[in-house]
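Consider the two complexes below, in which chain A is the common component and chain B and chain C are the respective partners.
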Partner chain A sequence: MAIYPSQEWCDEWKDAMNNDPACVETGKNWGLDFPGDFLFEITPGSGLDKTHYMYADIKGGKCLELKMLDSQGDKKPGFYVTGSYGDFKPVVKGEKDFIEGIVRALFIMKGDMGKIMRNAKYIRAMAASISSFKNEYLGE
Partner chain B sequence: MGEIRIIGDLNGLGASLLSIMEQNIDNPERMKKIRRISGNLVATEKNIGVAITIIFDKGNISLKDGSVEKPSAALWTDFDTLAAYSCGELNPIVGVLKGRIKVRGNLLKLLKMVTIVRSD
Partner chain C sequence: MPNIDDFIRPKEWVSDFVTDIGKVLREWGKDKYLPVRQNIDEDWKHHKIVEPLLKEVLVDLGINAAFFPYEVGGTDIPDVCTLICILGEEGARIDSGFTVACLCSVWPMLPIILKPHRNMKLLEEFGPKFCGSELYVGCNAMTEPASGADIENVDRMQGRTIQTTAKLDGDQWVINGHKIWPTNSGDTANLYGVVCTTKKGSTDLDDFAFIYVPADAKGVSVGGPYQKAGMAADMNTDIWFDQVRVPQRYRAHGPGDDLKYFKEMITYGNMATAAMCLGVMKNVYEIIKKWTTERIIAGKPLKEHSMVAAALSDIAINIEATSAWIHMYAREVDRPDIYGTNPWDDTLVHKTRGLSTFACKAVEKVCSSAMDYMGSYGYSREFDLEKHWRDSKMLGLWMGGLGLKQMENARYWYELETL
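Let's turn to the complex of A and B:
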């Protein structure tokens, strides 16, 4: 089982997204005429010792690249999501809803939120694919 | 470019709707419907209980976290229904009739005011 977060976990999530018919179908227009890449900043706590960055390049319902980064670097993603490891962990486990986290402002998302509203089904499918495989977690 | 006045810190619901509102304020056709309206609309995500208030003052629009005591109109719905409405997939009347959206207050005013978060 992959440890969340790790490159092995990124590879599993990428496969899960690309093999999920809901992601492929609902995301077919995602990122075609706007930058649809995400940078996740996972802040420490609940077993995570330092801030981790995860970059996901997604276009047309397919994840082209998903990798851990040492820092934000020069990436200027379409969507920048910040949240604590303690808040991301229940989403990855499938216990909490990612969109609820956005509405509650547990996760701060910067980017064209209108695109998120217009593609809410895709965002939900993408978030559901996170919990479609088993993982191990830090601090447990 | 027009501007939505933000009062205080916005919750995630407000932040999600803000960019659509900012696009609409520059849309003369959309603004024609709401330019003369004064009043406020409270929208609540019913599953989470997070609310925002959109304040209309004859073409000037403000957005604030939470609800106000006596809004001109109020609606309760879930995020997915609000998203479906905002992208034009859901007719609000159908949403109300099917019970996906609950409303209170001046319905006619609400139907005009809520177009500020519609992006079709």
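Let's turn to the complex of A and C:
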């Protein structure tokens, strides 16, 4: 089992997304004519000692790259999601809903909301795939 | 320089994400709707302009799907009442008639969509249609020719005036009756949620039934659209049900629960109505602010005259008060875990009637007062105020009208026993 967050975990999530028919089907238009990459900023607490960054390059329903970064660097992703490790953990475990987290401002998502609304089914599928495999967590 | 985004909206309860969803609708409206807004009145009969725009909002922007569970193709956005209020407000700033058409698409589905009483069997059947790539529209058919208010006045009339009947024949409901005025009637809707009685004249609340009827079912027919003073983007016609058969499972829930969740729909209807009033008022604020700034009277901008400033202040106060009240109640509706009241409880049905009354009166006053200070220009189509003025009157007339709204509100606060 991979530790969340880690490069092993990123590899597993990438596989989960790419093997999930719902992600592939609903995401077929995602990122084709706009930047569809995501940067997740996971802030410390609940076992995480420092801020971690995770970068996901996604296009046409396929995750092309998913990797841990030391910092945001020069990345200017289409979508930037910030949240604490304590809030991300239950989402990854499948205990809490990512969309609910965004709606209730546990997570802040910046980016073109029109694209999110037009592709909301893909965001849903992507969020569901996050909890489709077992992990280990820091601080537990 | 303050603008419409500076009016009260509690950030603790309305996240930036939800506000941004509203802004997507705002931007869409600016690009797609505002250029044709002044032509909508002429489109009342055929909806050649309106129908493609409905598809853009309900399908392409995902507004239909926003409310449905993920399992049936939706995005299942939580805090539904807050979302409806934001959409209602942003939409009505552009056109309240168009917005009611959009929101009424999912309105009749709320009894089977909202938690904790989802009817997954029906959602599996209808959800993929609402969430698909083709336009699929709902319609909440309550009003009948005799009296719309009597039907919604369930606490006192107890359903005894409902003339549309549903009789169980084997495993099918047979529906007969005549509805009038529902938003999205005519050729617009694909699915009706129909208020029926299982026993004509009965005051047994278990006889109140809410049954889904596909618009293409045999025996369903519709009349031509009514030409109204406003709200041309909403199509309103007669609907007749003549020996219409639908499966037994198309009843939303069953005896007792149909009425309970019908009342919940009324609460949401009240909230959406108030939100639409707010949206109209915000656009009026924009129009009158620009006008009274640029119009020079007696050597200075119109807004610099004390009488005018007082009227402008009233407009802003009405917007602030309505917005604060909306978000307070939306929170109460969305979070029964905190407030202990359910959206179907009389408390919330009747209290939101009060909010709706306040907002409907406020919007009428605001439109009228803005027109007073725009002179003949307010009355002419070019300046976009007269449409709001005509449309907004209707916000107070539907759902039983102000008479029923005030009476039900007083029923709660003063424990009325006879009214």
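A few remarks follow.
Criterion: the second predicted complex is superposed on the first by the 140 of 140 C-alpha atoms of A that agree within 3 Å, B and C clash if a C-alpha of one lies under 4 Å from a C-alpha of the other, contacts with A are read in each partner's own complex, and residues count from 1 in each chain.
Everything that follows uses one rule, which is that contacts are C-beta pairs under 8 Å (C-beta built on N, C-alpha and C of every residue); 3 or more make two chains touch, one makes a residue touch a chain.
Not measured: the values here are computed from a predicted model.
Shared-chain residue A:A128: touches chain C; no touch with chain B. After overlaying the two complexes on the shared chain, residue contacts for A:L69 are found with neither chain B nor chain C. In the overlay built on the shared chain, the residue A:R118 is in contact with chain B and with chain C. Shared interface residues of chain A, touching chain B in one complex and chain C in the other, are 99-100, 102-105, 109, 113-114, 117-118, 120-121, 124. Residues of chain A that touch chain C in their complex: 97, 99-100, 102-105, 108-109, 113-114, 117-118, 120-121, 123-124, 128. Contact residues on chain B toward chain A in their complex (touch as defined above): 11-13, 15-20, 23, 45, 47-48, 50, 79-80, 82-84, 86-87, 119. If you check the complex, the residues on chain A that touch chain B are 99-107, 109, 112-114, 116-118, 120-121, 124. By the touch criterion given at the top, residues 15-18, 20-21, 23-24, 27-28, 60-62, 65-66, 70, 73, 75-79, 83, 131 of chain C touch chain A in their complex.
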